[in-house]
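Two complexes, one shared chain (chain A), two partners (chain B, chain C).
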Partner chain A sequence: MIKTIISIILLSSIFFIFIFNVNIGDATSTFTPELIIRENGSQNMVSSIVLDFRLFDTFFEVLVFTIAIIGVSFYMEKLPEYKGKDTILRSPVIQIMTPILFQIIVLISLYIALTGHIGPGGGFAAGVILGTGLIGVSFVKPMDEIENIFKRSKIEKFKILSPLLIIIYGILGLVWGDTYFANFPLTGEVGSLLSGGSAVLINFIIGFEVFAGTWTILYKFIKHRGLL
Partner chain B sequence: MNLYQILSFLVFIIGVFGVINQKDMILKLLNLGTIQSGVVLLFIAISYNGHSPIITPGIESYSDPLIHSFLLTVIVIGFANLSLMLVFVMILSSKIKTYQIDEIEKKIK
Partner chain C sequence: MIIFNYFMIAVIVILALYISLIKNHINALLAYGMFGAALSAVFFILNAPDVAIVEITVGAAFIFFIYLIAIKKVGKVRVYYVLTPYMVEKRENKIMGFEYALLNHFIEAKGLEVEYVEVSEEESFQKLEKSGDILIGGHTKINDNEILESEEFLPTKIFMVGKPNKTSYGYFEEDLEAKYKLDEFNDNFIIDLIRYKYLLYLGKTFNNNKVEELKTTGYKILFNSNNDFLKEEFNDFIEEFKNDKDKYEELIRRYIG
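Moving on, here comes the complex of A and B:
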C-alpha cells in the first residue's frame, strides 16, 4: 500500500512541476501568416505544417500507424474465431436510420478531406469519421455481408501502399527542382480549393490509410470477439 | 494557475492512480488513455491564444499550430497502439483464462 502511494506521488510530481512552470498562452505562433501564405498558401496553418513543413514527421506517423494495424491483423489470426450467433439489433429505429445516416457520414468525410487545407479537418479526421460510420453499419448488417465486402475490396493489402505513395511523392520533390518532400510549386490563391499545392492529394492518401486501418481493426475485433 | 491546468492535472492523476491501482489489465490500458487525455488537454491549454490557427484577415497572433500538429500525431498513434495492446491482452487471456494481474503473476511462477 505504501509502495503504491509513493509511486503515485512521484509519478504525478513530474507532471506537477511541469504544470507550475508554464502559463496559458506561453506558446504563441512563431509562424507568421505572411510566411505561411508565401511558402504554402493554405488557410489552415496546422494543415500547412502537417502536410508541407513537417511532412517527414507525418510520413513516419503514417508508417507507425500502418505497422500497428499490420500487428493487429497478424496477431488476431492466433485467436479463435467467434462462434456465437450474430447480435444484430432488432430495433426498427436503428435499422432504418443507420443506412441513411451512413450516406451522410460518407459525404461529411469526403468534404472534410477535400477542404482540410481551408478549414478545420484533414485526412486523419476524415478517415476516423468514415471508419466510425462503418461501426453503425455493422450493427444492422449480418457478419457474412461485411466479410464479403472486406475480402472483395482487398483493402487489407492496399492500405500498405499508402506510405509508399508518400515516399514516391517525396522523391518527386526533386523533379520540380527542390529538395525531398518539397511541395508542388503552385500555391494558388488563399482560400480557394486548389490552394496549398499538394494538400488535397496528401489529405486523401492519409484519409484512405486511416480509414483502412480503422476498418481493419473493427472487422478483426468483430470477427474474433463478436459485437458485444 | 489556470482552471485548465488544474483540470489536466486532475485527469492525469486519475489515470496514474488507475494504472497503478487497478488489477484488471484492460482497465489499466484504458487508464493509459486517460493519462494521454490529460497531457493533450495541458498542451492545448498552453498553446491557447484566443484565436484558432486559421488565417483570418485582421488578426496577427494565433495559437501555436506546431503543438496542434504534434497532438494530431499523439491522438492517432495512441488510438492504433491501444488497439494493438488490447490484442496482446486478448492473446494472453486466451492462454491463461483471466484478466486479473495477480492471478497471471501466480500462474506464470
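Moving on, here comes the complex of A and C:
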C-alpha cells in the first residue's frame, strides 16, 4: 500500500515537473508544401512527414507495436497448445488459387513498400498485407510446414531488432546531417524511385517489423487456438 | 462524390449500431468487415489513400481473421464422471442426471467441446490429475490439496448413521475409510443426502440405528490443478445460473425431485 502511494506520488511529480519545464512553443508549422518537397524530395507528402520530419514519432509507434507483439507472444505461450487435427480446406479452388494469389500479394506488398514515397502506401500497409497474405497459405498448407518456416527463419527474434536499426539510423544522422534522425542527403529527382533520401530503407525496416509482428500474432493464435 | 460520401458515413453509423446491438458473434464480425471496407472508402474519398490502404487490410482482413480464430471453439475438455445416483446416471447408453445437465449448460455457454469418459471410483483422482480437466460425481469433501474445487452448485446435507466407521464416495474423512458400493451400506456410516436418498429408494431401513444430521454443505465440481482459469469461469457461471431461479429449480425438479 505504501509502495503504491509512493510510486503514484513520484510518477505524478515527474509528470508535473515535466509539464512545467517543457517549452511547447508555437505549435503551427512554418513549412509550406513546396518547402517540404524541396527539402525531402518525396512526392508523397505524408511519407516525407512520417519518415523524415516526424521520424521520432514513427520510431515510438514502431516501439509500441513491438512491445505489443512481445506481450501477445508472452501471454499466448501460457495457453495450452491446440491438439486437434489440422483443418485443411479440400476445396480445389482454394488449393489452387491460394499459392498463385500469395505471390501476387507478396508483389503488391513489395511494391507498396518500395514506392511508399512516390504514391500512397508505406511500410505499415506493406507489412500488414504480407502478414495477412500468409494466413491464406495456412489454409492450404499443414501447420507443421508453417511452423518449420517460422522457427527456421528466427523471425521472432529478428523483429525485435527493428527499433534498434531505427535508433542506429537516427544516431547516424549526425554523420550526414547536423541533428539526430536527419534524412539521408541524396534527395534525388522528385517522382523518381531513388528520391526522398532514406525513405525506401525506413519503409522496408518498418514493413519487416510489421510483417513479423502480424505473422507472429497469427501464428501464435493458430498454434494455441487452432485454425477456424 | 459528396452524396456518396454522406451515404458511406450513414452506412458506417448504421453498421456501428448493428455491431454493438447484435448478439450473434459471427454476424457482428461480418458486419465489422463491412464497416472496415466502408471506412476505407470514406478515407479514400477524403484524400487519404495511405490510411485507406491500412484500414482495408487491418479492418477488413486482419482483425476479421484474428477475431474469427479468437471466438472459435476453444478446444476439447475431457470430463471424467463417476456414476452417481441422480447426479450422473447411465440409462440406455445415454448419460443423464443433474450434474451432467448443469455441466452441459456451462460447456454450451462457453463454447467448449467436450468428451465424457467414465471412470471408476478407485482411480478417479489419479486420472483427473493425469489426463482430465473436470471430474463430476457428487463430491462434497475431498482431502486433496492439489485438486481444485468449484463453488457449491447444490446445497446438501451429510448424515451420520449409527457409529460411523466408513464413508461413502464423495465425502472423505481422513480417519475413516471410504467404501464405494452403496448396496453394502447397512449400518454405521457417513453419507450425503443424494446417496442416502438412493439407499431409501433401494428399500433399506435404518430403524436400528440413529440417523443424525452431521452438517450442511454442498456439492462441488472438481478441476485439474492446471485448470484454475476454467474453475473461475465455472464459479462465475454457477453464480449467474443460481440467480435464474426458474431454470435452476426446474433442473432440480427434473432430476432429483
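Following the convention adopted for this analysis, the second predicted complex is superposed on the first by the 196 of 228 C-alpha atoms of A that agree within 3 Å, B and C clash if a C-alpha of one lies under 4 Å from a C-alpha of the other, contacts with A are read in each partner's own complex, and residues count from 1 in each chain.
As a working rule, contacts are C-beta pairs under 8 Å (C-beta built on N, C-alpha and C of every residue); 3 or more make two chains touch, one makes a residue touch a chain.
Predicted model only: the values in this text are computed from it and were never measured.
Novice: Between chain B (first) and chain C (second), which does A:131 come into contact with in this model arrangement: first, second, both, or neither?
Specialist: second
Novice: Of the two partners chain B and chain C, which one touches more residues belonging to chain A?
Specialist: B
Novice: With both complexes superposed on chain A, which partner does A:69 reach: first (chain B), second (chain C), both or neither?
Specialist: First partner only, chain B.
Novice: Who does A:179 touch here: chain B (first), chain C (second), both, or neither?
Specialist: It touches nothing on chain B or chain C.
Novice: On the A-aligned overlay, A:226 touches which partner chain: chain B = first, chain C = second, or both, or neither?
Specialist: second
Novice: In the superposed arrangement, which partner chain does A:190 touch: chain B (first), chain C (second), both, or neither?
Specialist: Touch partner of A:190: chain B, not chain C.
Novice: Scan A:21 for contacts with chain B and chain C and give back first, second, both or neither.
Specialist: Neither partner.
Novice: Would you sort A:217 into first (chain B), second (chain C), both or neither based on which partner it touches?
Specialist: both
Novice: Just to be sure I read the superposition right, which of the two partners does A:121 touch: chain B = first, chain C = second, or both, or neither?
Specialist: The answer is second: A:121 touches chain C but not chain B.
Novice: Share the list of chain A residues that count as touching for chain B in one structure and for chain C in the other.
Specialist: 44, 46, 80, 119-120, 122, 124, 128, 217, 221, 225
Novice: Which residues of chain A touch chain C once you look at their complex with the stated criterion?
Specialist: Of all residues in chain A, those touching chain C are 44, 46-47, 80, 82-84, 112, 119-122, 124-125, 128-129, 131-132, 135, 214, 217-218, 221-222, 225-228.
Novice: Show me the residue ranges of chain A that touch chain B in the complex, using the header's touch definition.
Specialist: Within the complex, chain A contacts chain B at residues 4, 7-8, 11-12, 15-16, 18-20, 22-33, 36-37, 43-46, 48-50, 54, 57-58, 61, 64-65, 68-69, 71-72, 75-76, 78-80, 119-120, 122, 124, 128, 190, 210, 213, 217, 221, 224-225.
Novice: Can you tell me which positions in chain B touch chain A when the two form their complex?
Specialist: So the residues of chain B touching chain A come out as 1-2, 4-5, 8-9, 12-13, 16-17, 20-21, 38-39, 42, 45-50, 52-55, 60-69, 72-73, 75-77, 79-81, 83-84, 87-88, 90-91, 94.
Novice: Can you tell me which positions in chain C touch chain A when the two form their complex?
Specialist: Its residues touching chain A are 49-50, 52-54, 57-58, 61-62, 65-66, 68-70, 72, 74-76.
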